[in-house]
Structures are given as C-alpha cells and as structure tokens.
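As structure tokens, here come the structures.
You will see two complexes here that share subunit A, one where it goes with subunit B and one where it goes with subunit C.
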Partner chain A sequence: MPPFSQRKHDRVLLALTLLMLASLYAWPLLTWAPNRLLTGHALPWSRLANGWHPLLWLPGMLLLPAWALRPRRLVWLATALAAAALLAGLCGLAGAVAAEEAARTPFGRTSFGAAFWSMALLCWLTAAHCLTRLFPRHSSRSIAHLLLWAPLGLLLASGRMDELSVLKEYANRQDVFDDALWRHVQILLATLLPAIATGWPLGLLAFRRPALRQALFAVLNIIQTIPSIALFGLLIAPLAWLAQTSPWLARAGVGGIGMAPAVIALALYALLPIVRSMVAGLEQVPAAVVEAAAGMGLSQRQILLRVELPLALPVVLAGIRITAVQTVGMASVAALIGAGGFGAIMFQGLAGSALDLVLLGVIPVVALAVVLDALFSFFESLLEIRP
Partner chain B sequence: MIEFSRVSKRYHGSLAVDALDLVVGEGQFTVLLGTSGSGKSTTLKMINRLVERDEGEIRFAGRDVRHFEPQDLRRRMGYAIQSVGLFPHWTVEKNIATVPQLLGWSYARTAARVHELMTMLQLDPGRFARRYPHQLSGGQQQRVGVARALAADPEILLMDEPFGALDPVTRAALQTEIGRIHRQTGRTVVMVTHDLDEALGLATHIVLMNQGRIEQQGTPLEILSGPASDFVRDFVGRSDIGIRLLALERVAQHTRTGEILPGEPLLSHNTLREALSAFVARRVDRLPVVDEQGCPAGTLHFSDLIDARHDAR
Partner chain C sequence: MALLALALGMPRLGPLFSALYPELDRPIYQQDSFVDLLLAHIAMVLGSSVPAVALGVGAGIALTRPWGREFRPLVETAVAIGQTFPPVAVLAVAAPLIGFGVRPALIALLLYGLLPILQGTLAGLATVPAASREAAQGLGMSTRGILWRIELPLAAPVILAGIRTSVIINIGTAAIASTVGAKTLGSPIIVGLSGFNSAYVIQGALLVGLLAIVADQAFERAARRLGHWRGAGTAV
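So, the complex of A and B:
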C-alpha cells in the first residue's frame, strides 16, 4: 500500500464527510420546546434557512469535495479552516434561529439537537486530521488548534448565542455556575497537589525497591477497582467520627460529607497513575546511560537529579495529564456527597429533568478536561523538541 | 599502576572472577581478552568499583581502591562502554564536559579541553559541539564517548568493548585513533574485547581470560608464538597463527634499501600480512616499497616474510 500522502484520495475525510451528511439527514440540528422542562421537537429545515442563514452553510460546501483532492498542504489548510468555519457558522445559525424563536414565544426554548453535537465532533475530527498532517510537531499543532477554535469563544462572548437554552440556563444561574467552576478547580488542585507530593516519592521508592513496588501496586490497583461512589460512601463514617472527636478538624472543614471525603477519595485514585508514571519514566531511562553516569563519578543523587529525573520527565508529565483529566471527570460524581462543583449542576438538572441544565454542568467539565489535556500535551511536546 | 592480588567475585554463589592476579603496568595498553562470560567486564568494573570484589585486594596508585571515595576514584579514571551511554538530553559538548564540571573546572578551561578533544577525535567542533547524541552516527557517538572518558585527563582509561557495536570500517578507524592516542599521550589503558585481531592490533599486554581465570598473559607476540594451553591455541586459531603473526609487523622493518623496482608499491607502514596478500594476489616474489611521503624506500622480498618470523623469535 502506498504511503498515506501518496494516495489519491483521503479516505478519512470521505468517511467524516459522509458521517456529517448522515447525521444531518437522520437527526435534528436544533430542537424547540414550549418551556424549559418539556422535551423539544425538531425545528423544520425551513426555519433554518431564513434570509441570510444559508450563507452560514457555505464552508460546508467547501468541505464536500475535499476528500477527492490530491492530499497536499494547501488542501489540508483549506479543509481545516472550512471545518472550523462550518462549526462557527452552525453556532451562529443556532444563535440567530434561537433569537427569532424567542421573539415569537418568550418562554420557548431552542436547544442544540443531536445533529449539532455530532457535527461539532465531526468538524473537530476533520480539523484535527488535517492539522496533524500540516504540523508534525505537537507544539505548533496545539497553537494552530487554539487559533482555529478561538472564533467560537468570540461568538460565545459576543452574546449572539444568548437565546439558546443552555445559555439561558447559564444566565439564570451565573453565580451558581461561577461558584461551581471555582469549586471544581479547588477540588482538582486539592487532589493533585497532595497526590503528586506523595506519589512521586512513592514512585521513586518503588523504582528502587522492586519488593515494595509489587506490594504498592497491588494496593493501588485494588483502590482503583472500588467504584467511586462506594469509596465516597466508605469515607463518610470515619471522617464524620474524626470530625466529632477532634473539633479542630471539624473547624478546618473536615466532615463526613463535603470537600474532605471527595478530595481524599480522588487523591487515592490519582495515586496509581502518578506512581505508575514515575516508575515507568524511571524504568525507560537506558541502563547504559545510568552505568556511564556512575562510571564517570556522578553520585547517586547527581544521577537522579541530572540524568534519571530529566529523562523520566516526559512520561511523568503524561501521568499528570492523565490524572488531571481523570480527576476533572470524577470530581463531578463527588457532588453526590456535597463537594459541589459542576456535578452539583448536573445532578440538579437530572433531578428536575431539565436537560439543558445537565448540559450546563457537562459542557464545562468536558471543556476543562480538553483544555488541561491540551495544556499538558503542549508542555510534553516542548520537552520532545531538541534542536 | 593497578595490581590485583587473588581477587574473586561471586554472583549467586558461582565464581565470575576466580583468584585473579594481575598487574597493569603504567603506560601499557592492557587488553582483557576472552569469550563472552569469561569475567572480563567484571574484572574491569572492579577497578572503578562499579562492581565490589568479594575477596582479595585491588591497588590503584599504591592504595587499596576501597580507601578511595568511589566518586573520586571514578573521576580519576575514564570509562567508556559499548553502548556508549551518552546523555541523550545533553549536547555533545556538555556530554564531554561531564567530568570536568564535576571536578569544578573553570568554564574557559573546560571549553578549551572540549575543543581539543573533539579535534583529537576528528569531530569538527563547529559542526558537532551543539548537536544531540541522536543526531550523530554510531561511530560519531562512540568518538564522543571516548572523548568524554578522556575529558578530565584521567590517569587511566577503562574501556568495555568500546567498538563492539560498530561496523568493520568505522571500527577500524576508531581502533587506529585509539592506538594513536595511546602512543601520543602514553596513557595507561585497560580495554575489554572478545575480538582477537583488535587485541593483537592494539595491546602491548594481552590478558587472555577463561572462566574467571587468566589462561595466559603476555605481549601479542608471546601469545601467538607460545600458546600455553590448548585453550589458547584454539582461541588464537591454530591454522591462522602465522597470518596473525605477520599482522604484528610492518613492512618498514624488513625493507631492503637500495633496490628500486617499478610497479604498484607497498606502503612502509603496511603490515606484513597485507604484504603477503599483495604477493599472492599479484603472483610476484618481490615488490617495491614507498614511505609515507610516497618516496621509494626499497623492496620487500617474499622470503623476507619468513625471515621476519624467524627474527621475531
């Protein structure tokens, strides 16, 4: 099979384009409901094609033939731009349609339909596919992604999408949302910092002592298999007892419910990937390099600080990235024991069957995870580049 | 310079090195030779205490190596290994500067030394100083490895199969290089190899090891012309002994001056082995010889090859 770049057609692009058409055919792009608690029904295509709206579909037209063109830089660049423009256009369209509907019926709610989410994902995949070929280096690719998706942020900030149901939920609960964001970040930091502070030394120790390594990984693996809800539950009783017996702990905010059990449980989960990445990072340092270092008279400490840790760093950073993403997600569940965060908004929405309120909790969690992942990937890629 | 007396080392109860007695003379190029697993690396590593001996005594500069701090000891000995072990995250110059930095040399002195060593090992400093190890060929990496081992002017250079992973051409080039460095600097070298021809070409003193013990030691000529046991005779290759002996001597020593012949000449620094090859290939019994400048130096007769063997005894 000829290498990818020499093939005539880009089959990945073809598949993505076909999936876009299929999802637009099968699912509604936008839905409308008379009020926030009712289930919406699809808005007819006639509503989506008012006045100047069809113009917003133009980038999509550009995307259609892209797969058939001979793959080269210009095509990739144009395709990535078209995909980003298509998604921005769809957001703009949704905002404009929502505003029109709102003018007609004030309590009606316009929401994103299944096709919108699927289009968002497919646009992102299309752009990512092209950027990967355009920028082999991870760091420049991260910057390209940032530039590509910046218009979406501007659109959101401009208020053009404010009449969409999710953003109405946001407007109604701005304080709650901001608190949740702050709390979510708090949980993340309070989990990661202690987990790193104990995980790295434990990893180092486990690397030096194989006997300890087995026992440690056995324990950490068992912790990892406990469902998070069960672990939160298990911590309630002992922490409540602790708070009762030592009032100063209670005054410091420790109790059976709230931040304390959440952070303890999440830190326990975080320990396995952190310890494992430290051990894996140190293990992949070539034995010959360490032998040469010792043979030239570096002390154990110098070997660790100048050779082993710097060479382990990319793997260690990848471990932190995975842990951070995992913690952001799991922190949502911690809302069940009163830790707050975006999980609280999700569960509130679930309880009231207000789908858009659920989304108001889910979207920022996903966004936070994606941003963290990109940020750490960027740092990792900086380490890879050597002139 | 280094003396082993009745040194033993055990791994899981079995002897890797067995009551070894050995003297490494100052300025000598000592080669530890033997098949894989015969205890060469273990012997070498006991010198700089990467491996601690179990019994006996090893003296360096008159003192037991155990009386040195391991780090101090190692900084006085250069160490180069087959897999090179360059630091992948450091540039070539920083790699070479490792030990000078540990010893706290000034920046200017270190930089000058790095430049000098790169030039000596035929690595253009302008091109290679700022490169990372992965941007070098295997041969260039090994040159950096040797430069790094020599950086702080160590009293002794320890090398464990330094050229084992290189292709024959690159290996020959580096062997020539290390031989030249040894002759120029008079530094004491201990090298491990399993390659007989490498040992014969470089060593002033060969230590042939077998199962943790010394089977025979002596100059290359002594080993070839007087194998002490069947093991040695097999190791040096019964049928090839003559050829290998010829490889020990140069054309220059046996050239008949005054006679001038036409034709493709031998070079005076060719070995007699190369001369033999030329005689047989060209089906002649005398060949002209030119010196390193290309001026006629005389002739070599086929019969001189046998005389050479005779003289050497």
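So, the complex of A and C:
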C-alpha cells in the first residue's frame, strides 16, 4: 500500500463523510415533545427548513467531495473550516427551529436528536483529523482548535439557542447550576491541593527508598481498585463516629455524608497517579546528568531543585492532568453521598427520567474534564518544545 | 473465598449490625439475597466485558494492519476524548435513551470498557519489536501466523493490563448501575443512602470493594502466569 502522502484520496475522510450521511439518514436531527417529561418524537425534515440552511449545504458541499481531493494543506484547511461551519450551522438551525416551535406551543420542548450528537462528534473528528495533519506541533494545534470552535461558544452566548430544551432547563435552574459549578470546583480544589501537598513529598521519599516504594504502591493500588461508590460508603461509618465523638469536627463540617467523606475518598484516589508520576518523572532523569551536576559541586539539595525536579516536570504535570480529569468524573458520583456538584443535577434527572436535566449535569462535567485535559496538555507541550 | 463467605454469611451478621446501629429496625438488606446480587453483578460485568474484549482487541488488531493504519490517529484521538467522559456520564445518558434496567447498563459498560482495552491492544502491539516481525517473515511465516504466534503473544501482557483496567472500572460502574434500575451489589448502597440506613451501605460497599480486589488479584495472578509461560517459551 502506498504511503499516505502519495495516495490520491483520503479514506479516513471518506469514512467520516459516509458515517455523517448514515447518521442523518437513520436518526432524527431534532426531537419534539409536548412537555419536558415526555419522550420526544422526531421532527420531520419539512419542519427543519429554515433560514439557516445555506450554512448547512455550503459546508456540506465542501465536505462531500473532500475525501477525493489530493491530500494537501489547502484541502485540510478548507475541510476543517467546513466541518466547524457545518456544526455551527446545525446549532443555529436547531436554535431557530426550537424558537419557531416554542412560538407555536409554549410548553413544547425541542431537543437535540441522536443525529445531532453524532454529527457533532463526526464534525469534531473531521476537524481534528485535518488539524493533526496541518499542525504537527501540539501547542499550535491546540490554538487552532480554540479558534475553530470559538464561534460555537459565541453562538451559545448570543442566546440564539435559548429555546432548546437543555438551555430551558438551564434557565429554570440557573441558581442550582451555578451552585453546582461552584461546588464541583470546590471539591476538585479541596481534593487536588492536599493530594499534591502529600503526594509529591511521598513520591520523592518513595523514589529514594525502594522498600518504601513497594509498600506504598501496594496500598495505593488497593485503594485505587476499590470502586468509588464503595469507598464513599465505607467512609460514612468512621466519619459519622468521629463527628459524634468530637463535636468540634462536626462543627467544622465533618460527618458521614456531605463534602468531607467525598473529598477524603477522592484525595485517596488522587494519591496514586500523583505519587506514581513523581516517581516516574524522577526515574527518567538520566543518571549521567545527575552525576555531572554532582561533579560540578552541586549539593544534593541543589541537584534536586535545579536538575531533577525541572527534568521531571513534564511527567509530573501529566500526572496532575490525569488526576484532575479523574477527580472531575468521580466527583459526580460523590453526589450520591450528598456532596453536591453536577452529579446532583445528573441523578435528579435520572430519578425523574428527564434526559435534558441529565444532560445539564453531564455536559458541564465532560466540558470541565475536556478543558482541564486540554489546558494541562497545552502546558505539557510548551515544556516539550524547550530544548 | 472470603468474598463468597461474606456473601453467604452476611445474614448471620445481623446481631453485629444491630449492635452497631441499634436504631435500625432491619439491620440487614433483605430485598434480595447477597449471593443473588453478587451473581447478578458478576453476570453484568462479564456480559459487558467479554464483548468489549472481542471488539477492543479486534479493533486494535485492525488498526495496526496496513489497510487500517490510516485510521489509527483518528481513533486514538476519539479514545482519548472518550476517556475524559466519566463512566457515570455514559450510564446517565444511556438510561433515558434506551430505557431503565439492565440493558442501558450493559451498553454503557460495554462502550466505556472498550476504551482501555483498545488502548492496551494498540500499546501492546506497538511494543512488538520490528526485528521479531521481520525474522518471522524471513522464516516464511504467513501474516496470520505472525499475528497469532508472534505479535499477540508478545503484546499479551499490555493487552491484559488494558483488560484489567476495563474490568475494574466496570465493576465499579455496575454498582452505580443500580441507580438506573439494574439489580447489582450497588442496590443495597443506593437503598441505604436514600433511606439513611448506613448498615445497608456498609454491606453493599464491603462486597463491591472485595469483589474488585478479588478480580484485581486474579488478573495479577494471570499476568504472573503469563510471564512464566513467556519466560519458558523464550528459554526453549
């Protein structure tokens, strides 16, 4: 098989285009229900005819034949832009149709259908595929992604999508949502900061003393194995007992349920990736560099601060990234023990089987995780460029 | 062993829990027997993990063949983004779409379980030295023979590590699946949390935690056995 650059067409783009067509054919783009609790049915294509359609067929026309063009920079750039424009067009169309339907029936709810979500994913993958080829360097690629998707954020902020069901749920519960966001961030910080403050010194100690390392990793591995919901449950009893026996702890907010057991459990989980990344980061520092530093007369403390830690930084940062993403996700389970956060909205939606309320809890959790991941990856890529 | 004993013997621990929580009328979860819950939990994990292994390893192999290599960067990006999704989120979205009960849980577990297995398979196949592959080619082995007798055995430890991660995550997610109406070891935890019955919570949590540790140890043993087998193989 000839290498990619000599091939006449792009099979990946072809597959993505076919999947887009298939999902548009098989699934509804938008659904409509008479009220927020009923399951929606598909809005027929005839109802989707709206002023936004040039923003759909123009990029669509560009995307359809893109796979057959000879792969080169101009094609990739145009395809990435077309994918972003198509998604923006779909969002705009959804918002406009929702506004039309809302004018007709005030209690009706217009929601995204399965085809919308798969189109969003496929547009994103198409753009990612092209940007990877356009920008081999990670840091410039991140900036390109940011520029490409910023118009979507503007569209959301402009209020043109406000009549869609998810955003109506948001408008109805803005206070709850803001509280949940604040609480989720609070849990994240209250978990990460103490976990880092203990994890880094522990990692350093474990690096210097192999015997300690084995015992420490054995314990941390077992903790990591226990499912989060079980660890939350197991912490309830001892913490409730602590709160009973020492009232000052109870006054400080420690109890069987609430934020305290959640943060303790999440910090325990966070320790393994943080300690492991510190040890791995220090281990990959070449022995020759350390010896050279010692030969130059640096003290052990200076070697640690000026040679070992700076060289370990990329790996350590990757550890924090993994921990932060993991914690954001697990914190949503903590809602089950009354810690609040977006998980509370998610489980409330599940209890009432209101999909849009579930999405109001799920989307920000995923967004928070993706943003943290991208942010830390960006910092990591900046470190890598440095010689 | 300890896991089975605990599941069978939980009802006998009634006096202990009533001593710990004297205010509770029924200190032991009785809606289902713990053995049934344990079996249902294991069935759900197996029912999602076995197809996930087949799909994940299959896709991993396909993406490393010459005709599938082009798709690899794209799939890797998709998997990376998929793993920033918390497993609960997949479960929570699947339930209202597919309906409540065991089915959405199985589908969510299968989808989420795929990612670490696929990642493990790709990483494992990447560790196979090109020299081994070329040597096998030089010996006249077919491409299929190279895959089954060279690549997969050499990649096995990393693939197994991926499966291990996937199964452990699924054991935890299956417990949360009781919030969407599936009967698992998470049921006592959820019932206990909503009814302020800490004894139920502890009973469920103990069994779920123990199940995860037992499964992890089993994988540890399998990995060690794999190492022995490979060691013996290279000695010959």
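Note that in this section the second predicted complex is superposed on the first by the 377 of 387 C-alpha atoms of A that agree within 3 Å, B and C clash if a C-alpha of one lies under 4 Å from a C-alpha of the other, contacts with A are read in each partner's own complex, and residues count from 1 in each chain.
Operating definition for what follows: a contact is a pair of C-beta atoms (placed from the backbone, for glycine too) under 8 Å apart; a residue touches a chain by one contact, two chains touch by 3 or more.
Model, not experiment: these values are computed from the prediction.
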Three-chain arrangement built on subunit A, subunit B and subunit C clash or fit: fit
Touching partner for A:R11 - first (subunit B), second (subunit C), both, neither: second
Touched partner set for A:A190, first subunit B, second subunit C, both or neither: neither
Which of subunit B and subunit C A:L125 touches, first, second, both or neither: second
Touched partner set for A:M161, first subunit B, second subunit C, both or neither: neither
First, second, both or neither for A:A80, with subunit B first and subunit C second: neither
Residue contacts on subunit A - larger count, subunit B or subunit C: C
Partner chain in contact with A:L204 - subunit B first, subunit C second, else both or neither: neither
Minimal inter-chain CA distance - subunit C and subunit B, angstrom: 23
Subunit C partner contacts - residues on subunit A that touch it in the complex: 1, 4, 11-12, 15-16, 114, 121, 125, 128-129, 132, 221-222, 225-234, 236-237, 240, 256-257, 325, 328-330, 332-333, 336-337, 343, 346-347, 349-350, 353-355, 358-359, 361-362, 365-366, 369-370, 373
Subunit A residues touching subunit B - in the complex, by the definition given at the top: 286, 288-299, 302, 307, 310-311, 386-387
For the subunit B and subunit A complex, residues of the former touching the latter: 48, 50, 70-75, 79, 81, 83-89, 98-99, 102, 130, 132, 134, 145, 148-149, 158
Partner subunit A, residues of subunit C touching it in the complex: 20, 66-67, 70-71, 73-74, 77-78, 81, 83-89, 92-93, 95-97, 100, 168, 171-173, 175-176, 179-180, 186, 189-190, 192-193, 198, 201-202, 204-206, 208-209, 212-213, 216
